[in-house]
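These notes open a run of structures that come right after.
Each of the two complexes below includes subunit A, the first together with subunit B, the second together with subunit C.
And now, the complex of A and B:
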């Protein structure tokens, strides 16, 4: 509960403060949240149990409760959110928008909503937080966005809202036609029986909402434009945390319906995910704008995570969850790097950049670590996650597994191309503009690199956090009785 | 009943006060409504009948009366600048608004078709005048004439419908304690079901006109646009509330009688949603957009009425509360901006957030609530209606009107497009208007803030609100 109230409180405080005080207060708030999260994790028994935080009656006549609880999976997501927020604030520390109390307030509001999404145990509460997360990011992108921002951000908003309204319909179907004994409570919904034709429509509603958020292959058209047009902080929020909402939603809210609708649906979705991997990768290779390049690469990586979730195996889910954390770290890192370059060189075009490594070797090393993490080189975090994901996809369907495996090769191609063009090569005259990293940038990038290597070398604590929760979840789903 | 008398007396006193000193009319009207609001709460006791049992004051009717009086209070209280067009006659405008509220109060409590007709007339006739109260403005005159011609026609048909229902049943009483009410029409029937149904159909025609539901909506855009801002806000909130409640009371009392009325209503609801939303997409004027959006809101409300169960009354109340509050915030904000720039276009709002961040922020909150984004009341209003329709569908064999919820859901996505145009104009577009919009008076801003706060916290108290209805 405090994890939601702290950011909300400091978001409200932003109304009354000005200048650097606002930035420091916001940063302090995110650090407190991070500390709180770490305390929660260290206090968690790692046994897959669900710990109730708050559980009160809200709208009794409508069967809605205000219930927040966490298990290992939720803790992992909360950790990602609260780890990412301070870094995002550091990334925008010296930018004009980063100094605005409005931006800081919106970012904190977003944090509260995201934590709410991961902790909510009630369908409607989940939906409320899910939509609440959309409003601040819309304003962040639309106020401080680049060219064509009005059109692109409105498209983004309508697109995602379109998905989530069907999730609401799905929730209503699940509750009205299922035998849920306790309203919208998650556990009660999961254990309820529902006719398979109704379940099909409900699942479709959920899948649409989550697929648009990810985005899965045919629903991706909002993504590259929005990532490109949003300010760096907004892009980090979108790619680093917000799309994890979709993945998390699939694990927690869509998988319980699968036994009712049958496995065919999952195969269909896996194929979509794998198409997304190949499609995103191939387009990324041809990009000249670095932000667009990473946007498409993000689509490919998320496709792999989604494919892992669709296997519904312990390995697939474990890999997906750790890779969600990893992708959060590397995506934020890469957008951070691009922002650092853009601020100094005033361009993101690969063809205009060259030889930055000669001017700033420290920056180049950190960039390389993050790129390696994204390419999934052994001893980096990406390797740990992608390897397990690929294994799980391969085990469930060899053909898809092989095609999905291409992602690592493609990823090496486009990211190394990016590195080669921007960092290496002869230093060009523009590079004088490349001033040394500020302290905020140094700390931010350094932390990210530290996590890339830590998870790469010793992933066990992270796996341990979620392992029992995932197996509990799977056995719960396997025990679901299907209506004859 | 006491509230009704209080409002009526206030209206008359306002008229006389206006003769003495025009400046006093607003405080007097405001004070009178505040007293009436207090009386409403005081009146919140056991249900009772009045006026020869032709009015039935239930809890629901008292709460709806409270809502309407509150809307009037807010509108008149904040009207210091939006009334200036009326010059010396502002007291007359206030008095007419108060008379109109009296009509609404009757419509919340009628248990006799005569009272229904009286209520509709008392509600409408002042409005015909009010729509044209900006006498020097051609658009206002046009609006008044259009409203009067079509409104009189609709009322005539309503009256004809009542006559037919009376002919078939031999009674004006709907439900209630009377033995000889219209439900027992078989007892008295000479002409039978056909005549009765024809009568109900004509009554629905007349009432659907009042709430501007498609296909009886054609008057609304022009009338809303031409009428002074103050009157448009009044029509969009008070008249809509009164009309919806009147329809609900009547249909619940006859229990829909048969399935075909449910289907008629479902089709009207779907049509209102689609027509309202699609017409709103391409408007240049914010005021006209709001007019079309109010048609689509009538669609949501009628979707609720299809449920045919008294459970829907608190749901409608919640929706109307959310809709009215957000409409008021938007209309008052719009009338302030339009009053100083002289136009109602979206472009008049460009860059408002830079100059007046608080006003723009409050309007944005109201807009988000209207668009149905959680955690604001607008979302819960829609959600409760959807949930009731689904629950009803799960109980009935044919699935009820779940398809209509899909239509409504898709429409609420479409509505984002035009609702967000005002947000885009206020926040993300550079200012182009030459006219400088001064800062809104603190007190008005404070009232708008209170309303937005209401939008934010009303969902937390929805349970208590529902509890009140089934006292």
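And now, the complex of A and C:
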């Protein structure tokens, strides 16, 4: 509960403070949340149990309850959110909007909504938080975005909102036609029986909402534009955390419908996910705007995570969950790096940059660590997830596994190209503009690099947090009885 | 020693961390001494491990920690020092120490001195992981780690765009191989439920032949990337962009032999499927010939050595292909000695020539660079198989084993070794004999390198001369096949091999030696007595022109792979992504947008207030409901 109240309270406080005080208060709030999360994780038994936080009636007439609870998976997602937020605030620190109470308030509101999404145990509550999360990011992009911000953010808003409506329809179908005994409660919905044709439409509703959020090919065209136009902080919120709502949604809310729908659907989705991997990778190869390049690369990486989820295996889900955390770290890191460059050089075009490593070796080293994490070199975080994900996809379908595996080649191609044309090459006179990193940038990037290596070298505790929860979830889904 | 095994890779890692973090502020001799001493320390420890293994005949193993457990699979960070690993460890740390020492002199003027030593130490760490892991996972860690170090070191002078391109090419081509290796590991995991060598080998008895063949081929794809075999060899010649000690250490003596190590390590698997070995043998043979042909018309001293490395690695794969694992390891060892020696020698030459690498502008260097010349001569004699040098024994053993298998392959391989002798001697004579063809300034500048550079040359020269006595064939002296005996307990051979009789072996040895001597004499006549020099590029015609241009393989790859992918990338972005997919989304969106615009007009209040009300509303709702 406090995890939602703390950011909300400080979001409200933002209306009464100004400038640096606002930034410090916001940062303090996110650090408290992070500390709280760490306490929760260390207090968790790692046995896959679900711990209730609140459970009260909300809208009695409709059978809607306000229920928040967590298990290992939710804790991992909350950890991602609350770890990312302070870093995103540090990344915004030297930007003008980083001092704006409105921006900070919106970011904190977003944090509360995201945590809500991960903890909600009631369908309608999940939906409410889901939509709530969209509002702050819309304003952040629309107010502080770059060129064409109005057109692009509106498109983003409508596109994702459009998907969410179908999710709501899906929820209503699930409850009304299913045999749920406890309204929209997740456990009750999961264990309910539902005619397979209705389940099909309900699943499609959820899948559409989640597919747009990820985004899954071919629902991705809002993404590169929005990532490019949003201010760095917004891009980080979107890529680092928000798209994980879709992945998390698939695991928790769409997989329980699969037994009713049949495996063909999953096969179809796996194919889409793998197409996305190759498609995103190939397009990233020739992008010159670094933000757009990383946006397409993110599409490829998320495609692999989704493909792992669609295998519905313990390995696939475990790999997907750790990779959500890893992708959060490296995506935020890469967008951070790009913003550091853009702030100084006033451009993100690879053709206009060269030899930054010469003027700032420390920055170059940190960028390389993040890039290696993304390229998934062993002993970095990216490898851990990618290895398990590719294995799970390969085990469930060798052909798809081989095609998905192409990502390890392509990713090296486009990210090393990005490194080559920004950091390496002859240094030019313009690089004098590249001032040393500020403390906020140093701490932010340094923390991310630390996690890249920590998870890469010793991933076992991270897997341990979620292993039992995932296996519980899978046995729950396997026990679902399908209506004859 | 068992518990201290982890120290062997840890020492270079510590060196990397200290030099990488504090190196910039430390004096150069401290950086160089530290970088060299940590590797030498690993060498001493490896030697202790080797002695212990020799004493007891038992492998040493030590599990450091569990890397991860998932869905019943357990992956350990665990080390193993058996006969095969200790051999590799000694080569890596031994030659590694010498090359570190050499680098102190070679790199002393470079501003990235500390960075260079940090990277080299990181490389030694990764390479040791590769050979010391007790499972395929750790091998893969090292495998990718050395790839990363290779990338960093090829692109060491990062301000040069061409070097950067070569570095990326190496990394990407290696990754193509790595994908094969990774898929092979997935199949092994599926079958054995573990990547520990012990458990994988134990499970082979229940593995079907089709699957074994598939795994064998996938692992070999990995090997072609790392060990620069057809079709993934083109990165290695370009990798010469890196500083010369890097070429000696990574791109000749150690990293590129990882593919051979992988296959020898998996010999139990390969011996199940002789058909796969056959394929490996033919790929190796084709590479040995093809790279040799290209080397004949190269004029960059390092390029000749690079193609020669590709070709010699081909020899090793031929040995593997006929199931002669210990022979491949023998040639790997002697090649590490003489090729490292020649690369370091070429570095000494380049150093003296002020950066010049074209042998057409050299000549007569023997007079000014006495030690370099003599040691280089030893290396050249070894590689052409001059009797009693190390290369003589190892190459002869390969030829004998191939003859057992197929006389036609033997003939082709003999041709490849004749080609080797020709291009190596051509390069040697053009560089060190005849008259000087460079500029006057260069001639004035010529000097022998400092002792830190010549000492490693001398040590390696002794090894190149005497290294052959590691494994003297049985027909010459009984009980002298030390290396073969040493590896017996870790290698599984294809069953049912027949042996040649001694007179055939003497005959084969005689033919090969005679050929080497004939070529030695005839190249001496052509390049020293008649003072022929290499032709200019534009005078070449026909096949020579093709050889000079490396048979246009790079151009072929570019137009068949790179260009189409780039075209698809552009086309995909502009037409499919922006055009078709986004176009249809926008079409749907337009109608919604019209409605959206209408709605927006109704509510044009101040956004900030809307948000304040919303946040406060939710907050108080929650507080009233749950807290109070």
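Simple rule for what comes next: the second predicted complex is superposed on the first by the 484 of 484 C-alpha atoms of A that agree within 3 Å, B and C clash if a C-alpha of one lies under 4 Å from a C-alpha of the other, contacts with A are read in each partner's own complex, and residues count from 1 in each chain.
Convention: a contact is a pair of C-beta atoms (placed from the backbone, for glycine too) under 8 Å apart; a residue touches a chain by one contact, two chains touch by 3 or more.
The structure presented is a predicted model; accordingly, all values stated were derived computationally and were not measured.
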In the superposed arrangement, does A:59 touch subunit B (first), subunit C (second), both or neither? first
Thinking of the overlay built on chain A, is A:479 touched by subunit B (first), by subunit C (second), by both, or by neither? neither
Between subunit B and subunit C, point out the one touching more subunit A residues. C
Figure out whether A:127 sits in contact with subunit B (first) or subunit C (second), or with both, or with neither. first
Just checking: does A:28 make contact with subunit B only, subunit C only, both, or neither of them? Give me first, second, both or neither. neither
For A:172, select first, second, both or neither according to whether it touches subunit B, subunit C, the two together, or no partner. first
Kindly classify A:39 by the partners it touches after superposition: subunit B alone (first), subunit C alone (second), both, or neither? neither
Would you check which partner chain A:413 touches, where first means subunit B only, second means subunit C only, and both and neither mean what they say? second
For A:158, is the partner it touches subunit B (first), subunit C (second), both, or none of the two (neither)? both
Partner chain(s) touched by A:362 [first = subunit B, second = subunit C, both, neither]: neither
Subunit C-contacting residues of subunit A that also contact subunit B: 132, 135, 139, 143, 154, 158, 162
Within the complex, which stretch of subunit B touches subunit A? 368, 373-375, 379-380, 383-384, 386-387, 390-391, 393-394, 402, 405-406, 409-410, 412-413, 416-417, 420, 424, 427-429, 459-460, 462-463, 466
Under the stated contact criterion, what part of subunit A meets subunit C in this complex? 1, 4-5, 8-9, 11-12, 15, 54, 56, 66, 102, 105-106, 109, 132, 135, 139, 143, 154-155, 158-159, 162, 218, 220-222, 224, 279, 282-287, 313-315, 318-319, 355, 357-358, 372, 377-379, 383-384, 387-388, 390-391, 394-395, 401-402, 405-406, 408-409, 412-413, 416-417, 420, 423-427, 458-460, 463-464, 467
Report the residues of subunit A in contact with subunit B in the complex, numbered from low to high. 57-62, 124, 127-128, 131-132, 134-135, 139, 142-143, 149-150, 154, 157-158, 161-162, 165-166, 168-169, 172-173, 175-177
Would you tell me which residues of subunit C are touching subunit A in their complex? 65-71, 73, 140-141, 144-145, 148, 151, 155, 158-161, 164-165, 168, 171-172, 175-176, 178-179, 182-183, 186, 189-190, 565-566, 568-570, 572-573, 577-578, 581-582, 585-586, 589, 592-593, 596, 607-608, 611-612, 614-616, 618-619, 622-623, 625-627
